[in-house]
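Pasting the structures in now, so scroll down.
Below, subunit A partners subunit B and then partners subunit C, in two separate complexes.
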Partner chain A sequence: MTNVIANPYTSADWNVLYPLGIVALGALAVLFVDLVSKKHAPKWLTLALAGLSVIGAGVVCAQQYGQNYDAFGGGFLLGGFAVVMQELVLVAALGTLALYATLGDEERMAGTIALLLWSTCGAMLMAGAANLMTIFLGLELLSLALYCLCGLRENAIAREAALKYLILSSTASGFLLYGMALLFGSTGSVALAAIAQAPVAGNPMLWIGCALFLVGLAFKLSLVPFHAWSPDVYEGAPLPVTAFMSVATKVGALAVLARFVDAAVPSAGAEKLLLPLWIIAGISMVAGNLGMLAQHDLKRLLAFSGIAQVGYIVAALAGGGALGLRYALFYLIAYTFMNLGAFAVATAISTQAEEGSRLANYHGLAQRRPFLAAAMTFFMLALAGMPPTAGFVGKILILSANVGAGYAWLAGLLILGTAISLYAYAKIIRAMYVRDEHAHAREAHPVSPLAWASAAVCAAVLLVLTFYPLAPSNVIPLVR
Partner chain B sequence: MSALPVSLASYIGLSAVMFFVGVAGVVLRRNPLVMLMSIELMFNAANIVFVAFARAWMHNAGHIFAFLVITVAAAEAAIGLAIVVAVFRSAKNVDVDEVALLKG
Partner chain C sequence: MIHHVMGVNGFYPLLMTLWLLPLAGAVLCWTFGPQLKQLAGWLGAATLGTSFVLTLLSWSAATQNSGGALGAHQSLLSWIPGFDFGLLLDPLSLIWTFIITGVGFLIHFYSIGYMHGDKAFARFFAYMNFFVFAMLTLVLSDNFVGLLVGWGLVGLASYFLIGFWFERPSAVAAARKAFVINVVGDVAIMFAIFVIFTKVGALGFGDVFANASQLGDWVFVVCVGLFIGAAAKSAQLPLHTWLPDAMEGPTPVSALIHAATMVTAGVYLIARCAPLWSVSSDAQMLVGTIGALTALVGAILGTAQWDIKRILAYSTMSQIGYMIMGVGVGAFEGGVAHFFTHAFFKAQLFLGSGLIIHALANEQDVRRMGGLMKKMPFAFVAMLTGVLAICGIPGFSGAFSKDAVIYGALAHGHPWLYAIGLITAGITAYYMFRMIFLTFFGSYRGDVDPSELGIRHPELAGTPAHDEHEPHEHDHAPAWIMAVPVGLLIVPTVFAGWLMFGEHSWWSQFFSAQFAPEHTVATPVSDVMTTVFAVAAVLAGFAIAYLRYGAPAAMEHAIERLRTETVRMPGALANALYFDAALDALFVRTSQLLGTLFGRLIDPLVIDGGVREVALSARWLGTLVRSFQTGLVRAYALILVIGVACFVAYYAIAGGVH
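Up next, the complex of A and B:
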């Protein structure tokens, strides 16, 4: 050990983290401006700073596309996968900023936005994380900021949701961490690649470690036996936070899961080890969609919908190999825009006093706001996987991957889940298009242009995505 | 006085016991403060494994990971206590069975 003092990392390592750094600096800038302002920083300035940093990070990140580099001794893998995942997280952050522009109050804006940006950093770190330490760091950065965001409203329900989220999610982190400790113990390394090379036979610690790690991740993804927290937390959290949570946490955790399945699971025992994961995904598809049927709140409905959607995405990974990963990624991109779009519509019909998330708010929406009703219909059809949307294409791709890899039962469950979900999504569409005698009684407050524009952009992207991947082999040229 | 050699298995056994005590605490106790403490136990159980194996494998990644976990656990406790205080202020109660506006 002669060069203990020497810095092992070069500037190339740090360059990889530029997008993350820009977002983190943006958070600091937001706080600083608030500090030097007389009372509070003006809302538009806070949002503009945050928006600039997110867009800047997106641009820098896009320029990294096509590069491959193992930064920090394999701690953060730069590649097509990491870039696409980071861009998705940034899109979620940008969409959330647009929702905050409509709903947030100026007094708490700076702190809220700073937490949001740090949470974004966490999810971005997870997108490229390839060793246990960076995974844990990213996950905790994402989660810790989200606990605060959930509880920021002066409202008993929001705080209860924060407490619930904190305790259940931290317990999941405990499982994940203990799994990581056992994985380190059984392999002597924190790198995911080292886990794949460890001997499988007669190594119970590796099995238990993998199992605990996957349980922790399933919890974060709210797959079925570990899903009970998500409807409650979604319902209690402020609308923009729910929107962010429903996309960014899932993108981050799915990035880790995909990388773990792809790189870390020893190929000798992969079949046996991962089968429970596919079963959980299958159950999630059916149970999540069944749970949707009884809901009367859009946030709860989308929470159950999210459980099922993650089930579809994990099932795509069961297809195995690069193709399954690509299909999962395609569906994840579509899911991001569907969900953000639905939340944008909900925000557009919200007032400062009341979030427009109860199903009753949608009665007769088509009479009052024909564009918003049409956009919502489009997002619901996309979530249900109906033809003229990217959701349909995504589901077809996943089905083909499942059948091709010999998981026909997963494909069957996917179709069953879709059939069930149609009824729940149709409930919202029906509510919007049914004539409402009280339509005039509901005062027509002006719709926020930003929320309107977000919904329009999401719908446009979904439409474009529908026609893009017609040749599945070039869905997204994933380098790794 | 000679140091008794402590085998690796003992460390793992201790940490497994700690981990299950932590899980049982989260599942069985209804006071959020006790639940937070139980979560700390789970984190520290992992720390013991990390440090024990860092020595066994002669690899300092385990030590670094343990420090990372200690830092994160401190942040988690700070945020957790803040949220418990906020819940108490709005509900005047910190028993999770009584804090049940959201029926899940």
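Up next, the complex of A and C:
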């Protein structure tokens, strides 16, 4: 008698993970090539392999569009939402590769890129994760690779950043895991949908489980007051890693949050259960923008900006309406390109010796690099939500969703935050256009064509988004 | 929601062309500047001339009125549902377009002479054309978003042009100041727009005004937000300090942007939002008062200036104060009328002063002028007509519009503003004739040692006496290029006011369908008597100016008198009533303080690296240990734990209630 353990999963389940598998294989291929090379794999080869795997994953992922399948017993929900989120993560990865092409050194390229690709896998897993197990798996895969990426620089600040990230993020992961345990304990299931079925009344275990789960996510999203790590880590990490973190981490965590709000929240107590989330989103919008005022470093500035931007996106989910979710997705897509674009400009003006992140590097940029200055202005205006940019469209949409769902106070905080933020973003624009004594001291140095092109592509996508704002959100189906 | 459109929908190719032509001109001048050389100026002027002709050809379309839809509306693209992007040419925007393209054309033409030989000749025209495009976007937009886009773009063009001679540190500082103050305004307008959208759910002018009642009590907030924006752009108290400094730009820029068009954008905004203003009497009171005070303060400061362009700058501030007072109290027709006439006579004054500055190799200090009437009779005639118009001598254009504004304040129930308006008229006459006497009468003082005139630091008193980037003495363009626009401007400077003459004037016919009938109160004084009072005030101001600067006795001791006046100038006047210092304390310092304060709350590492606690070590372990010891990570962890505690407490209570 043989004891056959039946494999519960069919090939259909594994097919769902093709895009993820391609990226993971890409990581292995990069390492393998480096191993068999005499000294180090050539930079271009590493990047080409990685780029190919990311693009390949994107193509395969796009072909899954329109399919709906609950893979792994509900662990990974394939659907329009997962596809769009995975594509966003892949865009972030591709953008980061372009930045590495400019800034990375050959010696560490293969290891770095492999870590980046694994981190991408984690975020992609989060995009479709629908039970507590896969959520945690994705989150940790994303984070563990990022800790290493942050510290991969011969630089004390980078190490400090990695360490802070590791310590604080692990603490948050602990909270998240504890919350998950409580949720599992109160429902007896790891599926998000099971939480929605659980009785709300007289079930403190469920409530506290939700609290800790949301804390964990809020930390990954760096919402105030769980934000303290992000400016330091953004500043310390190498520029491409910061760019990747500012987009991919947020896309992954927002995907989980959106799915949680959509699927896991019991309709009976929804308003009460999620209120703290909206409150910290509101606080983040204002506090994040206030925090920008004192900054003199683009990376720190964008860290605070990211705090506020995520606040806007989370606020769009308030009310739980289908419309709010679409608008949140629209804003998230726009945010991805604004941020990547800004980092591309920063990379373009960087040299091997000095990252172009200090505000002083932007003085008089309009004279030296009119295109880059114009593109940066466009990204800053978009982040600030000035018309006629996609950022403005997104904010208007979020406002209407908030007001429609009866969260006028969130709309008010959004307006207040926007007003404050214009000051901070204008600081960069002013530095670029108003000439001053620093301008003469800085020589224009050659600009990496790839970073230049990345900025151009981001600007072009944003322009399209600006004037056809409803096109993507019409294509994006609701959470599934 | 029913879609309300102001204007008759249709296809208006002329309208689109007149809007886009200046942009094309800017792109061409920018791209082919080195090849075009002097042709860039002609190209820039030609595009504006064509736009002006197209404006005239669009006249009937702009004034058509069918079924309550006034003017021409051209849809450009659909954006967010219920909100389209388009152009609207109705009587109000037509008047602005007329001035922007018409006066803009003359100033461009003049600039061909004035900027002749400047090394960045083509760049200048590219900026100027770009400015015109931005300004047209502002006034032709059919919605608040397009208006704000134009609003931002004119600001951008403005500080490019203020800082045009960027080798001068003072020009750079002036551009920076204009930038900061304009950001304040942009934020306020954006705030108002968000409130409008939140409350009304639309951003097209037609939709918003048709549903203005949905704003409820918020209409006051919206009006204040819009007005702060208007005040920043239109140099109203206390956001006016950038305008005198903006005179660092070339004189044609001062004429076009900082006198005739851009600085009146605030007037346009309020007139455009007349349906909002007319339902908020609080907003009317506030805006009317600030306008009147600006008129008064501008005039008072105008009496203490020595730089001819700064005199004109303060007079601009003062005259825009009149306009804002007019549209603020609800006398929209009068306020817009004063914009219309002011554009002519102020452009005239600036271009006239440009003739003098150009001829005297960039001397701008009136103490070092004098007796120029014989040398420059044409400039004298040009300046004199401008001064007569700005003072409101009956028959000249300014008289009709200014008296309409002053009387309008009374008719809308604001006797105090009426009084301020009359007093300001007197002061205006004083400082304007002071300028005329100092510049054109007496004997030439340019060869007198500056210290004898009380000028202690000649290089600080005004702009540098000789600037290599300004046109050179030996390389003049033909004189007629600069003379023709000035000569042409004399015609409307003198006669434009007659359009507003009489009970059923052409002007009130023109705007009959634009503005709702105004609610006026019975006035103790008639409009004719108002003119009489105003003339009396002007004569008084003239008399004082004559006694102090024009009388033979005063002329004889001009040098000693000027020295005494310079030395004994009260500190408050010499320092422009300390507005700069106050603004600095209020905005710059406060924002720094706020930044630091909130920075400390939100970000323990406020100043990058400055207070970094973690001793950086080359070793991992060292860093690890130290970062725990020195507390930064602990502080972060503490924040985290407190946050978690709050969260858990809430959920425990909320979950336990059931």
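A few comments on the model shown:
Everything below uses one rule, namely that the second predicted complex is superposed on the first by the 462 of 480 C-alpha atoms of A that agree within 3 Å, B and C clash if a C-alpha of one lies under 4 Å from a C-alpha of the other, contacts with A are read in each partner's own complex, and residues count from 1 in each chain.
One rule holds for everything that comes next: contacts are C-beta pairs under 8 Å (C-beta built on N, C-alpha and C of every residue); 3 or more make two chains touch, one makes a residue touch a chain.
A quick note: this is a predicted structure, and the numbers were derived from the prediction, not measured.
Of the two partner chains, subunit C is the only one touched by A:Phe392; subunit B is not. With both structures placed on the common chain, the touch criterion links A:Ala211 to subunit C but leaves subunit B unconnected. In the superposition on chain A, A:Ala228 makes contact with both subunit B and subunit C.
Set against each other, subunit B and subunit C touch different numbers of residues in subunit A, with C touching more. In the superposition on chain A, A:Glu160 makes contact with both subunit B and subunit C.
In the superposition on chain A, A:Lys272 makes contact with subunit C only, while subunit B stays out of contact range.
In the superposed pair of complexes, A:Tyr178 makes contact with subunit B only, with no contact to subunit C.
By the touch criterion stated above, A:Val54 is placed in contact with neither subunit B nor subunit C.
Looking at subunit A, you'll find residues 156-157, 159-160, 163-164, 167, 171, 175, 228-229, 231-232, 235 touch subunit B in one structure and subunit C in the other.
Only residues 132-133, 136-137, 140, 144, 147-148, 151, 154-157, 159-164, 166-167, 170-171, 173-175, 177-178, 180-182, 184-185, 188-190, 205, 228-229, 231-232, 235-236 of subunit A touch subunit B when the two sit together in their complex.
By the touch criterion given at the top, residues 77, 79-81, 145-146, 148-149, 152, 156, 159-160, 163, 166, 172, 175-176, 179, 183, 186-188, 190-191, 194-195, 197-198, 201, 203, 591, 594-596, 598-599, 601-608, 614, 616-618, 620, 623-624, 627, 632-633, 635-637, 639-640, 642-644, 646-648, 650-652, 654-656, 658 of subunit C touch subunit A in their complex. Partner subunit A is touched in their complex by these residues of subunit B: 12, 15, 19, 22-23, 26, 32, 35-36, 39, 42-43, 45-47, 49-50, 52-53, 56-57, 59, 61-62, 64-65, 68-69, 72, 75-76, 79-80, 82-84, 86-87, 90-91, 96, 99-104.
The touching residues of subunit A, counted against subunit C in their complex, run 156-157, 159-160, 163-164, 167-168, 171-172, 175, 200-204, 206-208, 210-212, 214-215, 218-219, 224-229, 231-232, 235, 269, 272-273, 275-276, 287-288, 290-291, 293-297, 300, 304, 385-388, 392-393, 395-397, 399-400, 403, 408, 411, 414-415, 418-419, 422-423, 426, 430, 433-436, 467, 469-470.
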